[in-house]
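One structure, as structure tokens, below. Some questions next.
First chain written, first letter: the chains are A, B, C and D, and each begins at residue 1.
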Amino acid sequence: MTDGHQAADPQALAERVADAMWARDAASQYFGMRIVAIGPGTATLTMTVQPTMLNGHQTCHGGMIFTLADSAFAFACNSQNHVTVAAGCSIEFLAPAREGDVLTAHAAEQGASGRTGVYDIVVTNQEGRKVALFRGKSHRLAGHVVEA
Amino acid sequence: MTDGHQAADPQALAERVADAMWARDAASQYFGMRIVAIGPGTATLTMTVQPTMLNGHQTCHGGMIFTLADSAFAFACNSQNHVTVAAGCSIEFLAPAREGDVLTAHAAEQGASGRTGVYDIVVTNQEGRKVALFRGKSHRLAGHVVEA
Amino acid sequence: MTDGHQAADPQALAERVADAMWARDAASQYFGMRIVAIGPGTATLTMTVQPTMLNGHQTCHGGMIFTLADSAFAFACNSQNHVTVAAGCSIEFLAPAREGDVLTAHAAEQGASGRTGVYDIVVTNQEGRKVALFRGKSHRLAGHVVEA
Amino acid sequence: MTDGHQAADPQALAERVADAMWARDAASQYFGMRIVAIGPGTATLTMTVQPTMLNGHQTCHGGMIFTLADSAFAFACNSQNHVTVAAGCSIEFLAPAREGDVLTAHAAEQGASGRTGVYDIVVTNQEGRKVALFRGKSHRLAGHVVEA
């Protein structure tokens, strides 16, 4: 398969970009995240809530739920091989997450305007219950994640 | 000093609540946060960016900046000893944070309506540059953090 | 058809609530909005951009796009006959709207937690292009919009 | 006074820009807004709640409160004479506004990053009570509002 062919295949390109990003994404690895699916404009990641992720109310720190969603957002918004960063994000918390819960964050592009994109990320637990709704605004910089 | 006196002293109460929350806040401890100031409706926390906090762009994962701000928000919105949780939050990223940066998050109440409060948290780096602006909406539950 | 039957029929109830709200919603009428669809947890409204709705850049004032989306949100979040108000909203602007454009706002419930609900509203123009993405957080009060 | 002098005076420039924007801002005029103060990065506007601005709950439509805040945001973020538009906004509603209330929206820049700025707008009523907190993200385009 030639590079030209890969560049022309959005799914293959999304996978190459994800592999490259993952290899240097210390935080997502450190928190035990796993990429379970990737595609052009989409990403699905999972993370199990560890004892070290609990807050003073003995539920998962909102920051950790955000971090999982933000990683899914990053993999989704870079999937077309343009270096893209988060400009801003909002999150609504619908249900607490507990130690041992396996959280899944699914990110999908909702729209774009110039260098800005909007992505929605839904975080669910192992029972399919919605834990949080995250909306991310991305900003595309110059440059590519991997060589075309 | 009697308990009744302490309850009547908002600053002392805020400090007692913060001590109790901190003791069981595994996540904030785990990330090396420090409470540098606490008051009625306010909290200031710091955190140093560790190598494990870097994302695929080799800057601090937005989720870690959010987590610091969210902890400051939690200490501020519980400081009057009503058990209070985050309902939703938004964050705008203004500048990247790098490994070794010492981030400070200052939280202050901006307004309230019934059981809902709005808090603004400003995250700055060691040079005083604004790294992120966070706005949190809190929701007060029944119960107290510490005995009055 | 008995009142009891109507109360048990979510679609009929949503329509009765919408009729009652519309009759006293001076603003939505004033701006020429029209309800094109209503259902349990959903609402679709349209509005044509008038010359009086233009801002200093000669495009539709963002506040008017927000107002249309906010009305769709209100009809959707009250559709189950619990008096419900907006607690907070966010909007991302993707494309400008021009004089004469016919905007459509479609609102749908995304999740709920206690008395709080989250609704997404998509605003499109007559060509189907996304003009704005709006996310509303609702807060349910006591009382009903119409008698059961 | 030469144009060069005016360009060098941020306050005079902010006033010239506001005059030019106001002259063509049909919506802000139509709703009876008034500019009560303008400065580099800041703007204060007022609006009286009219009967046509009420929603189905007989309080001021959230969209009208948003519109006032959004106008203040627009005057503040264009005040340095770079054509600037809203990319996204969020609003938290703290208290209802009633017919006849005189609302004041004060906008001030909080930070910037490249072409993006963050502005906070506080909406109060005639008693000084906070009605809403609005946060706007601006995006600077090419071009100037007035000739330098």
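Here, contacts are C-beta pairs under 8 Å (C-beta built on N, C-alpha and C of every residue); 3 or more make two chains touch, one makes a residue touch a chain.
Keep in mind that what you see is a predicted model, and the values were worked out from it rather than measured.
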Looking at Cα centroids only, farthest away from chain B lies chain C
Where are there more C-beta contacts: B-D or C-D? C-D
Distance between chain centroids, defined by C-alpha means - chain A, chain D (Å): 34
If you average the CA atoms of chain B and of chain D, how many Å lie between those two points? 30
Between chain D and chain C, distance of the C-alpha-averaged centres to the nearest whole Å: 24
Where in chain D do residues touch two or more of the other chains? 87-88, 90, 92-93, 137
Think of each chain as a node with edges to the chains it touches; is that a line, ring, star, complete or other? complete
Touch list for chain D against partner chain A, complex: 87-88, 90, 116, 137, 139
Residue numbers of chain B touching chain A in their complex, please. 20-22, 24-28, 30, 51-58, 61-64, 66-71, 74, 78, 83, 85-93, 96, 145
Give every residue of chain B touching chain D within the complex, in rising order. 90, 92-95, 110-113, 118, 120, 130, 133, 135, 137
